[in-house]
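Order of writing sets the chain letters: A, B, C and D. Residues in each chain are counted from 1.
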Amino acid sequence: MSNSSLQTKPPMLELQDLSVSFDRQRQLAVDRVNLSIQEGLTLGLVGSSGAGKSSIARAIMRLHDADSGKILFRGEDILRMDPREMKAVRQRIQLVFQDPLASLSPRRSVGQTLLEPLQHFALGDTLSRQEKIRHTLHTVGLDHDVLRRYPHQFSAGQQQRIAIARALVTDPDLLIADEAVASLDVSIQAQILELILDLQKDLGIALLFISHDLAVIRQIADEVAIMYRGQLLEQSSADAFFSGPAHPYSRALLTFASSAEPPRLPDGNWNLEQARSAMEVNASCVFAHKCAEKMPVCEQLEPRSHRIQYRDERAMEPHCVKCHLYDEATGNEN
Amino acid sequence: MMRETWQRLKSDPYGLSGLIVVSVFFLIASCVWSGLLGQGWYEVSGTRWEGISAEHWFGTNLIGQDILQRTLFGTATAFEVGLTVTICSTLLGTVMGALSGWYNHSWLDEIILWLKGVLDAIPFYLFAAAVAFALQGSPWAMHVAMIVTFWTTTARIIRGEVIRIKQRGFIEAARAIGLPGLKTVFRHVLPNTFHLLLVQASIVFVAAINTEVILSFLGLGIQDGVSWGLMLAESSQEVLAGHFGNFLAAGTALFLLLMGFNLLADALQDALDSRRIVR
Amino acid sequence: MLGVTFISFLLMVYFGPDKTYELLGKNPTEEQIREVRHELGYDRPFLVRYGDYLRELVTFDLGLSDSNGEPVAAILARTLPVSLALVLPGFVIGNLLGLALGLLAAWYRGKWLDKLVMSASVVGMSISFIVIIIGLQILLCTPYGLNLFPVRGWQVDGPGSYLYYVTVPTLALVLVTLGYNTRFYRAVMAEEIERDHIRTLRAYGASPAEQLFKHVLKNSLVPVLTRIMFSIPFVVISGSLLLESYFGIPGIGLVTFNAITSGDQPILKAVVGLTGILFVVALMINDMLYSLVDPRIARP
Amino acid sequence: MTVPALRVSGLSVWIGSGADSIQVVDGVSFDIDPGEATGLVGESGCGKTMTAMAILGLLPSTGVRVSCDHIEINGRDVSRLNTAQRRKVLGRDIAMIFQQPATALDPVFTMGQQISAVYRRHADGNQRRAHEAMLASLESVGFERPEEIAQAYPHELSGGMRQLSMIAMAMVCKPAVIIADEPTTALDSSTRALILHQLQQLQALHGTAMLFISHDLGVVRQSCRNVMVMYCGRLIEKTDCQNLFSHARHPYSAGLLSCIPQLGATRPGRISSIPGQVPALADLPSGCHFAARCNRSEPRCSESTPVLDAQDKKGVACFRPL
């Protein structure tokens, strides 16, 4: 989709037709996704569990092999890098995980945990490393007296702060937060979101923020991308998206998320065969089986991705959607 | 973390008494090794089957050797066998288990699993006998047989734990900064299996001592020196004639040491409970 | 199966006792050695010998025993039933009792009954098999104790004499396995009792009997069956070896032990093969039982 | 005045024994009328689940101490019953829906077997009638073909279907009270809406009282009329949902509300969060547990404890409410 963008600045990270599959499964975890993240901005990647959000994060970090496509980091394809180049990229991109306790090595003290990336990337000398650790802990709102303590001695919120500190200690340019606030209570979630927003403002890092929770995305994202079953269905600026989501799936998501409205039931297909057949791959639109605005063409033809044309000034921001409703050739003009 | 464990162990009376029993036995064994105790185990110092006396606290055996001396020396034998087997089989099991767990689903894993399956399927005493004959009566045949069979359990436990740990976030985090596999295993995986290894090692120790007794009894065990198993083998004929010295001495010593170790293993398991430390 | 026979063959036959010197006596000439080795087939390549062995196993053509010339198949047929009769009662009682005690301890976990059962099982685990055998002998078979049962031997010709000879070995087997069994079953049951669906049952007012005997037991059948099935080959061969050599009972364990010490290769080969078969059968029955017991295996 | 379907008064729970024991539930009292749904909201570790388990008497008898004035279901005190009498109440008069339907159902029995077992235990031992009741219950939660579900094992159902089956199991004896402990937390958003809808429908249909435990204020707002907020083992505010969202009175409730991220066409301003951390239960401050984090606190807040009026539907445990 970013191919069609009019952006003048080249994106920091760009995915081109990226596909990722699990071991010999029929359905792709990530299916020809095009996505881009600008320097210093936040992309919110939204989808329900199993939509392929985490697979994208894992593919970027080369934790999982991609099948095809490109991942361009400042113009260089990560997937074709040799180990030395990759090591340099890993220093620039850091991950924060969902479960803070699980992501910290249980038998290593906070100090050891924070030191490890510095040692691995051979950054600084012994003295400056200690100084860097102290400084980073201060940035995430922790005192340096935590250094000798172990992860299980902290509360969930503090653990996530430690995990963020570990990610920041190498001065990355891109932070990938994979459901980083999903397992936290709302009051702690608010504190961590606040911290991430502050950090981004102060350090100017870009953020790929993966979440299933649209309200959290609204707080933090400049751009929004919606995934469903491995495919990217919609990408636009956050303001355009939240004032008028285009894809039927996006609209359904937003309806479920806004608690003010009574829940709208999906048509009750609660029997085994349908539940199983819903898991089958179909060659057409991935959302067709649940779509409230389904047309005959949706079951026959896979939709293409389209720019939505706005008459007002927002037209400069690309708003792309993969749905027949917006395709003049196949669907009705909305 | 070790301090927490020690605190819990100290507050457990059973575990503490187990530790004390094992320590006392270990002290005896050390004295034997350094030549302070049990050096007269082979001297014929009395007449056959003497009763309890000031000179022979536990009486004498068939040819008039002092049973106390032999029991003390047997302690050293037990520790020698137990420590050798425990250390070797635990190391072997850890390496094999870590390899097959870390390279889960690879050909290496398959081979190690196959080897484990085969070794587990061979009845142990037959195997020990076969090893004894294959090694032409070497005094280490028993040790080898035990090491070769005992590592499988340790490896299975470590493999399962490594696979479990591998899926956890902090391993993903280590891989995300590109930490090499071996470094990850040693720095982040194996330290988290330490509690299991400690417990398993104490279980292997018990099994080794137990097995030594049975193998010695069958004539496949200790060749030079004396062990509790040999004493029990001697006693199996004596008891029919009403001489219980060997049986009581070796049986009691064996029971106390095994009991101590079992209690210690239990207490360690509680103190190192993975759910409390590695949640 | 192939693996088991392979390793065992390697150890027991290829590296095993060499009868050359036994047959020739001391100071043989080189010529004699070569001749005898050829006669015994020791000079043929390893794989050929292994292949021959497999063929013998498959066709049940097990040959004659080296020591007394009796057909190996006949020896097995004579001794296997004795061993089974010897270890079966102890095996069954040991497992049932262990299961019952384990269930009891797991249900009252943390209470005094649990502590009592567990302490007793630690004591049981700490007594060596040999000590148990000798101790029981003193208590039950000698004039120093009750003197009710025979010290050794096996002359069974009816239920009465069977009981007479089998009681002490059975008691020994039960005592030595009970501690381990109880602990294992308690661990399995305790884990099962703490599972969420047992809590659901309690929340819906199910009685302890329904929780334990219907749900806990059925859910824990997989590990329980695995343990039972896989301990069968060991109890039959290893367990009987010690009991039989001590009590002088002419079962398969004793025959095997004698074969090892005298280097009777045909018997060793047959026993190794038998173990492999037992193991594979146990594996197959186990898989079959799994799918009967667990719908997640039967209907994935 | 109606008799409340569920009345809990003075419920306290301690974990551990002697001087080391930690109080995790502290004097919780509330009423729920027939047909009324009340939410119990709080952060993890605040004692919500402990409260539910204590009401049902499901806490282990060793290592945990429970005390209460009384727990009444339809006016009958069940807190003093012996275990056999209590078993007759559980599942018949009060039923529980658990958070994880994947583990809360027995994997080796079919859904039908598990649901009819509940019916046969409490209502009618007859196999055929139990089977019919089971099918009817499955149908009432929205399954079009209940026979299929009845013959399925839990692992053959999706998460949402398992939770619906769990609701069918809870409803099969038409209990007076249902306790739902985070029933939708493990499910994704579209399934969550369906489950909440079915729960509300059934509850309205049978006049069942419901205690709905959740950490998610949004979910509670969707499914409950009244709400209680819990903090460090104590109820600190009771009110109706509308009121809580428009005029939360306890500073903690207000803080919690402001932490919820909002959706809207314009990007919201700065998120406000509650400063500090939840104190450890082993080391609770005296007086109001929230005082140290509260921007309205005054000396008396840490000296004496503000109390909530026990059986009232509305109230706030605060000296200086908003």
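Heads up, the rule we're going with is that a contact is a pair of C-beta atoms (placed from the backbone, for glycine too) under 8 Å apart; a residue touches a chain by one contact, two chains touch by 3 or more.
Not measured: the values here are computed from a predicted model.
Visitor: Count the C-beta contact pairs for A-B and for A-D, then tell me which is higher.
Guide: If we tally the contacting C-beta pairs, A-D comes out ahead.
Visitor: Between chain A and chain B, what's the gap in Å when you average each chain's C-alpha atoms?
Guide: Inter-chain centre distance comes to 52 Å.
Visitor: Using CA atom averages as chain centres, what separation in Å is found between chain A and chain D?
Guide: 33
Visitor: As a quick test, compute the distance in whole Å between the mean CA positions of chain A and chain C.
Guide: Distance between chain centres, rounded to whole Å: 57 Å.
Visitor: Round to the nearest whole Å and give the separation of the Cα centres of chain B and chain C.
Guide: So the centroids are 22 Å from each other.
Visitor: So which stretches of chain B touch two or more other chains?
Guide: Nothing qualifies.
Visitor: How are the chains arranged in terms of who touches whom: line, ring, star, complete or other?
Guide: ring
Visitor: All pairs of touching chains, please: list them by chain label.
Guide: Contacting pairs: A-B, A-D, B-C, C-D.
Visitor: Can you list the chain C residues touching chain D in their complex?
Guide: Per the stated touch rule, the residues are 110-111, 195-197, 199-207, 210, 215, 218-219, 293-296, 299.
Visitor: Under the touch definition given earlier, write down the residues of chain D that touch chain C in their complex.
Guide: By the definition above, chain D touches chain C via 56, 58, 62-63, 86-92, 95-96, 98, 100, 103-110, 117-118, 121-122, 153, 155-156, 169.
Visitor: If we count contacts the way the header does, which residues on chain C are in touch with chain B in the complex?
Guide: Listed in rising order, the residues are 3-4, 6-8, 11-12, 15-17, 122-123, 125-131, 134-135, 137-138, 142, 144, 151, 233-234, 237-238, 241-242, 245-246, 256-257, 260-261, 263, 271-272, 275-276, 279.
Visitor: Quick one: which bits of chain D touch chain A in the complex? Just the residue numbers, please.
Guide: Interface residues on chain D, with respect to chain A: 43-44, 142-145, 148-149, 152, 156-158, 160-161, 164, 188-190, 192-194, 196-197, 215-219, 221-222, 255-256, 258-268, 270-274, 277-278.
Visitor: Using the touch rule from the top, collect the residues of chain A that touch chain B in their complex.
Guide: Going through chain A, the ones touching chain B are 61, 63, 83, 86-87, 90-91, 94-95, 97-99, 101-108, 116-117, 120-121, 150, 152, 163, 166, 170.
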